[in-house]
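Two complexes are shown next, each including chain A; its partner changes from chain B in the first to chain C in the second.
Let's turn to the complex of A and B:
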């Protein structure tokens, strides 16, 4: 398969006083056409910052400090704003966590869905309306004509997220970025939206990058996954390998923190302590202070990337064994 | 159960009136109301952990607040150690409040940002005269250590602590008056997985060590399964199923419980993806709930009889489900 997106040694920093605090360091991954890629990690690990940087939607004073983001041979990290405009929507669409804040409260849902077409050269209003209604049907919004005339507050949470997905899809992007798209939704509605994203991906041949804190969502939706910790990708693997034979101690610890039954049957082993403040990361591996496998070398230098035989890899000097039984449970 | 339950809720009803416009009032339109709890009954034994689970707007938070006396009851009874707290006079209410404490979802908004942690925990100790004044400081240190914080945390402000540490403070504060019942409303929902696991284990340890009874309210089925022996499933203001968690999760007897369990994204990529169709539609408005079974508008198994109120079907193993087809649902194989 062809690489659609190539993120290479991406660094993102935020100015604080005279210095720059690094939020994301040395992040590299590629997305192939049509695949589903998950980025998983806890609050503050840099997962949302990373995907926002892909289409340069960084908030506040955050800036790309290093690396490149190649999409269709163009480096989006260096591209001019006008070039980005044509990529946003038509090349890459984005769905955010909270559809209520992503939607404009005083414009009808239909207008917001159709708006993107105007920027991508669809001049005929009837055509825009026809495509808007088609997009609404595609995302499973009932009674599209009525909902098109509604305002966001008149819709339920699930319908709002469907509308936000319609906005992202209206100009037929080849890559959809979704930042915690189901986190604000109830579990039965989450199941509907995840199913919708999976269906759309196969029907439209679109690639999906899904950012989430929920390993269950990743397991059900993604082909490959990257685990982030303290601004770096610490492990990447095909979806089955990450659950069956995690190599990085953080991935192992994360998996051991999810409830999978009763305490008697499957006791949780929480990770002691907390992730470091990005302004005060320890020298060496950021996970070392909390890591059960820590040795002296972990505190000296940050571990490099070790390629894994089955695709993917990990950044650790003392990884868990490569067999499922030895590492898990 | 020979022993009297610590808490029993019997036929509880709660309505919230919706604001009516002046014109609507003058035109004699009826006052509209939301039914937050409809004929809810359940009991929690001493030392038991009871999980109340359901989606947004199902009434689980309202139920927790009714139990604590933070909201008034429209009909029904809440018995705590045999005494009906809905009819208690103000003096006995104050005494009861000490027996029941709450841990909130967001410890940041439930702690005063300008009050040091030590003072926040000392306040209820003084108010209820739990320990003599000269021992308050030592008791605060003991409570902090009990929830896994250093005694030095007493000198900090809430903003200096992480989310998990703040939730530990919320728990220490609730424990300070030595309650018998702890009501935890989405107490771990705002926490990251690794921290959530710490707080779950802490709550479970405290329950065992202090012989606490726990009413744990959550939308997260995995957390309920981990922590709670008994579960009550809520939908649109009614409890649709109640029983031992292991039995209910293994063989759900209400189609809503079944759908809820099927909707959890399992952290197992080998689990077949999307073999069970997700539940269609969204919960109806609680202002205008369907007649008969509240779930029938979304239920894959609904039939004509479901337009009549479902019976509470008693099932083996101390369980019940409010469904015309509870036995059939329970015996249907899980995909």
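Let's turn to the complex of A and C:
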């Protein structure tokens, strides 16, 4: 398969006073056409920043400081605003975390869904409307004509997220970026939205990058997954391998922290400590202060990337054993 | 919607009643005597007493007020002591210039405040924002009778761009003549609207729906004007409405500086002649205009904001 997106040594920083605080460092991954890729990690690990940087929607003063983001052979990290505008929506669509704030409160839902087409070459208003209604049916919004004339506050949270997905895919992008699309929703709605995303991906042949803090979500949805910690990818692997043989101690800890069991008496295993402040990362491995496998060398220099035989790899001096399935049992 | 408007109009009745009482009492607290104002300083006491009796001013204040209310209810607003004609006709004739002045000031305020607010919000913390902040604070701090004279001096006397004062007979002439007075009023309102817009637009530009709009591939101009501004203009219009209400008081000063034959001028001259019925009627009209402006502002919010629309009418 062809690489659709190639993120190479991406670095993102934010100016604070005279210095630049690095939010994301040396992040590289590729997305193949039609595949589903998950990025997981705790809050503040840089996963949202990373996918926002892909279409250059970084918040505040954050800037791409190094590396490239190649989509269709064009480096979006260097692209001009006009080139970005034609990629946004039509090449790469994006769904955001909070459907409550993601829709404009004073514009009808239908207009918000159809609007993007106007700037991607669909001149005829009736055609835009037809495609708007089609997109609304596609994302499972009931009675599209009525909902198209409604305002966001008249819809439920799940309906709003469906509308946001319709906005993202109306111009038929080949890549959909989803930034914690289910975090703000009820559990039952979460499952529906995930099923919808999976379903749309296979029906439309889109690739999907799903950012989440929930490994369970990734398990249901993704082909491959990257685990981020403190601005870096610490492990990447096909989805089965992550669950069967996690190598990085942080991945192991994340898996252990998933609540399991439906009865009482299963203790939770949170990861002790907090991720470091990006402005004050330790000199060696960022995870070292919280790591059970920590040894002296971890605190001296950051571990390099070790390629894994089955695709993917990890960044750790003292990884869990390749067969150590029992470590998270 | 219609019931909402009706309810609001009915609520005007107690407000109007309050205004009549306050004005009725305040007017009679002004030192001086209408009979003296009508007859001049050489009138005999007997003549003055006769005039007072004819005007009903010899009765107790309570009776006078009740009689006043009674005639108000019957649609009789009284006869001007000074002009000798019905106050209602007098006030209606003077109302048009004042309303034009208010409307004109509103338009000029928007023309100044909206672009300035957009500029300040998009340049937040940079040069243009600081300059606008200083200009706005200055505009707000200067009293309108002073800015009025400065504008006359600068644009009328020195550069002959506008007339010094007056109203005019055709609508074209009126718009031309009323430009400086309207600008003078607008200079007191525009800074407030601009600051409100700067805040609300800055907030809107950081909102999630702006990310969504940009992620669609909309050009920056469309994101700014049809997404951010559309949301941000609502609180700014509210501030505009409140301050147009406040501006009504300002027209009294401005009309006198620019000799605009409106309600404000009539008010000042009738205070000079102790023309009680006219003062009472003009003040009542001012009160009603203010209340109507607030009603229009609220209706505007309902029309423009679907979130309010539902809760208000539902």
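What we mean here is this: the second predicted complex is superposed on the first by the 319 of 329 C-alpha atoms of A that agree within 3 Å, B and C clash if a C-alpha of one lies under 4 Å from a C-alpha of the other, contacts with A are read in each partner's own complex, and residues count from 1 in each chain.
Criterion: a contact is a pair of C-beta atoms (placed from the backbone, for glycine too) under 8 Å apart; a residue touches a chain by one contact, two chains touch by 3 or more.
Note that this is a predicted model, so its numbers are computed, not measured.
Colleague: Report clash or fit for the pair chain B and chain C bound to chain A in the combined superposed model.
Modeller: After superposition on chain A, chain B vs chain C: fit, no clash.
Colleague: Could you say whether A:190 touches chain B, chain C, both of them, or neither, answering first, second, both or neither?
Modeller: first
Colleague: Please work out whether A:90 is in contact with chain B alone, chain C alone, both, or neither, and reply first, second, both or neither.
Modeller: After superposing on A, A:90 lies in contact with chain C but is clear of chain B.
Colleague: Is A:253 touching anything from chain B or chain C once the two structures are fitted on A? First, second, both or neither.
Modeller: A:253 contacts chain B only, not chain C.
Colleague: Tell me which partner A:42 touches in the superposition: chain B (first), chain C (second), both or neither.
Modeller: A:42 sits against chain B, while chain C stays out of touch.
Colleague: For A:219 in the superposed arrangement: first (chain B), second (chain C), both or neither?
Modeller: first
Colleague: In the three-chain superposition, say which chain, chain B or chain C, touches more residues of chain A.
Modeller: Partner touching more chain A residues in the overlay: B.
Colleague: Tell me the contact category for A:104 with respect to chain B and chain C: first, second, both or neither.
Modeller: Touch status of A:104: second partner only.
Colleague: Which partner does A:274 contact after superposing on A: first (chain B), second (chain C), both, neither?
Modeller: In the superposition, A:274 contacts chain B only.
Colleague: Quick check: superposed on A, how many Å separate the nearest Cα atoms of chain B and chain C?
Modeller: Superposed model gives a least chain B-chain C C-alpha distance of 7 Å.
Colleague: Could you please specify the touching residues of chain A with respect to chain B in the complex?
Modeller: It is residues 42-43, 156-159, 186-192, 194-195, 198, 213-221, 239-240, 243, 253-263, 266-272, 274 of chain A that touch chain B.
Colleague: Taking the complex as given, what residues does chain C use to touch chain A?
Modeller: Where chain C meets chain A, its residues are 207-209, 211-220, 222, 226-227, 230-231, 234, 304-307, 310.
Colleague: Tell me, which parts of chain B touch chain A in their complex?
Modeller: Residues 55-56, 162, 164, 192-198, 200-201, 204, 219, 221-223, 225-227, 245-246, 259-260, 262-271, 273-274, 278-280, 282.
Colleague: Using the touch definition up top, name the residues of chain A that touch chain C in the complex.
Modeller: Touching chain C from chain A are residues 55, 57, 81, 85-90, 93-94, 96, 98, 100-107, 112, 115-116, 119-120, 151, 153-154, 164, 167-168, 171.
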